[in-house]
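The next block holds one structure in the form of structure tokens; read it before the comments.
Note that the chains take the letters A, B and C in the order they are written out, and that residue 1 is the start of every chain.
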Amino acid sequence: MDTPLLTTDNLVKHFGGLIAVNGVTLIIEKGGMVGLIGPNGSGKTTLFNILTGVYKPDSGKVIFNGERIDGLQPHQIYHRGLVRTFQIPRILQKMTVLDNLLISVKNPGEGFLPALFKRRNWLKFEKDIRDRALEILGFLGLEEHCYTPAIELSGGQMKLLEIARALMSQPSMILLDEPTAGVNPVLANDIYMKLREIKRKIGVTFFIVEHRIELLMEHVDKVHVMHQGKIIAEGKPADVINNEDVIKVYLGSI
Amino acid sequence: MADPLMYLLDAVAYAGIFGIVSISLNLEYGYTNLANFGKVAFFMVGAYVTAIMSGLKYPFIVNSLLAILTASVIGVLTSLPALRLKEDFLAITMITLGEVMKLIVKNEEWLTGGVWGISGIPPAVVIPGITFRERLIVQIVLIYTVLTLCYLLCELIVKSPYGRVLKTIREDELIASTYGKNVFKYKVQVFALGSAISGLAGSLFAQYIGTVSPYMFEPTVTFSIWMMVILGGPANNLGAILGAFMVEGFQRSSRLIKDYLNLPLDPVNLQVMLTAILVITVVFYRPQGLLREKIKPDRKPLCKMVKSKFIEVENWIRRS
Amino acid sequence: MINWLQVLMNSIIWGCMYMLATVGLSLSYGLSRFPNFAHAEYITFGAYMAFLFLVIFHLDIYLAVCLAVVLSALMGGLSYLLLFKPLKSRGASLVHLMVSSIGLGFLIRHFLMQVFGGGIQSFKIVWPTITIGPIVTTPLLLAILIVALVVAFMLHMMLTKTKLGKAIRAVADNPELAAASGIDLDKVSLFTWCLGAALAGFSGIFLAMRSSLVPLLGWKVLLQTFAITLLGGVGSFYGVLIASFILGLSENVGVVILTWLGLSADYRSAVAFIVLVATLILKPEGLIAVARRKA
């Protein structure tokens, strides 16, 4: 296997007196579908925030595609091919579903002067990517809502839109933060089937925070378990589930 | 009032000038959620630069360009520290900036004429041998031409991918940066443009009134502009213009009421108090203002867009 | 030859006045999560009320001051109850709250202008000068010093020893957790708003007695109050305490430097502006965050 896509090396992050991430080292290979589980408060979302540049780690490194990205700003990390979704969907409510997707692509019309003077250029660009947008929306069952103001979508649809938006940016890797939270089990399984199909088609790597064990067992290659800011176990889902430490941690947190 | 028509035309001119400032604030606040509570500072800079330059006998076109540039540069420099932070810090910086700028104006007499200001600013367009009324009409044509150009410029900006980024920043800065937009850069650009347009409006104001003094640029002006944007409808450029008309009309009426109702109230105090009550009422009951934001944007080539804008305005006038 | 001891004395007195003027702003900003631009007008309001009772109704000075302070507290409480609390419960955005506070400020100021006229008023009190060594002072300035010390001491006691004080600190730190622990956010907020406005009114009386009573009394120190709030750290009483004296000192030393440079002393406000901008650039969370980190 050639160099892994994402590596972290002993990441540490404090908030005042609280240590949220306490020496996390992990490796994610290209093309994988990897899970991240752990009780609430174990530092999963903080880890995601560090990976995407929202937080700067107090120490440690993040290496993505051979390049060190810790300390970069979120918008710079996006351009290196890493995006994420949010546990509670952050949908742009005053814009249409289509606009929500269009925003996730680097558009020539987004510069001030090109927006004014190269109108024909970006109009054409938008027409082209609109097809891609419709394809993604169709794939996720949202195409009829293309021009609907996003605020009118249901909760489940918003979660799908979050994923659609991430896909639209054609990244190398997507961090999904609880993509199936609050979604009914049938739709949840459906989402994972779709994710696997996308992985097959365009080779995106997924790193997913997930609570539903049955989904992990079925769809995911490898799982990391986090507890109190540390990775306490990693491996195939079946092995990890039966790991003594993992069981203790989950039982302890009930 | 000796000549009601002149008074009306004067109000129309004021509304036009403030409409330009209103559009600039709409770009900053309505589309990008930048809380610029120091609008009057950039308006004042534009007016004073024009006044000073006209004293040095430069033509208006040079004066106004310099006014735009100065206002823009000052805007960027003073907002830089606060733009990385939340909107309340920007608000505080901007409000206090206005006060500091007035301090400079009042004290540096050699440049600004101090508390007496500068007078004798010639109008931009001088047509010899016309009556006073005709001069007023020429001014209005000038002001409204500039207003239309600013309106079209801002419409082009907001109905483009650039505008979409601004709206994203307004709604959710984290999403904007997660998806590759350099939020800070956009905020600086918008602030530069907004300040530039305010400077232009200040320039027009100076040549319209003919004098400038620090007492013409009180914080109540900023407050009125905010009223215009909020009342007309944030994120709707036509709304910003509508707001300008309504607030200017409202403020003039509240000053005139004194003549007709014999209240023992000073007209300026009455105007400010009523404006304040109006703002608070609007924020309470209808913060989205009169004209709503357009969510489904049009995507047409330039000439069709301009044409459709005119048709839009025409229809709106016809309907009301 | 500059009398540095006098400069120091002036700095301390200004620091005291600024402290009284700013505590309310910082606390309400921290609790309600928005800067109240009408706060400056509580300062003006207190001064005019004292003027009303003292000069127009000819009441005893202590009574007049007490009444004025109580009315200022009322003004603060009413602002919260009638305007800001309802707006917040309607989900008004930060900008909406700020705009409304500016409106409220104008409303108060122009109402005062309508009632009392827009000109300069005076308390018509002549304070005898007291000379202590190289320092010249008056009973007024000494009163300011004493009041500030007493208020600071009492606030410190309240915040650390009383249930209410601890509740205030809890809410400022983490409102959700505080509410979950059974603290009545509403009561704490109301008390803080009243207290803050009362202190502001008190400072207004001192400011007006020291210079003159004009409608822009509070607005003239708006810049300073915000510079101190930001420098000290929003919501922190101890931050305000430190920052008030830092600004008092900076401004007075600044005036010395300005006159030495041949610039107008009016630019003393520019010192506050520089402090404000410097804070934003270097440490937007304020000095209190620096202190906490070291602890």
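One rule holds for everything that comes next: contacts are C-beta pairs under 8 Å (C-beta built on N, C-alpha and C of every residue); 3 or more make two chains touch, one makes a residue touch a chain.
Here the structure is a predicted model, which is why all the values come from computation and not from measurement.
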Inset, instruction - With chains as vertices and touches as edges, which is it: line, ring, star, complete or other? - result: line
Legend entry - Label of the chain whose CA centroid is most distant from the centroid of chain A: C
Inset, instruction - Can you figure out the chain closest to the middle, judged by Cα centres? - result: B
Inset, instruction - Report the inter-chain centroid distance for chain B and chain C in whole angstrom, where each centroid is the mean of the CA atoms. - result: 32
Legend entry - chain A-chain B separation of Cα centroids, rounded to whole Å: 42
Legend entry - Separation of mean Cα positions, chain C and chain A [Å, integer]: 47
Inset, instruction - Please list all residues of chain A that touch 2 or more other chains. - result: none
Inset, instruction - Name, in rising order, each residue of chain B that touches chain C in their complex. - result: 29, 33, 35, 37, 78, 81-82, 85-89, 91-93, 95-97, 99-100, 103, 106-107, 219-220, 223, 226, 230, 265-266, 268-270, 272-273, 275-277, 279-280, 283-284, 287
Inset, instruction - State the interface residues of chain A toward chain B in the complex, per the touch definition above. - result: 52, 54, 73-75, 78-79, 83-84, 90, 92-96, 99, 102-104, 106-112, 115-116, 119-120, 122-123, 126, 147, 149, 165, 169
Inset, instruction - Using the touch definition up top, name the residues of chain C that touch chain B in the complex. - result: 34-35, 37, 83, 86-87, 90, 92-96, 98-100, 102-104, 106-107, 110-111, 113-114, 118, 222-223, 226-227, 230, 263-264, 266-267, 269-270, 272-273, 276-277, 280-281, 284
Legend entry - For the chain B and chain A complex, residues of the former touching the latter: 153, 156-157, 160-165, 167-168, 171-172, 174-183, 189, 193, 235, 293, 295-297, 299, 301-302
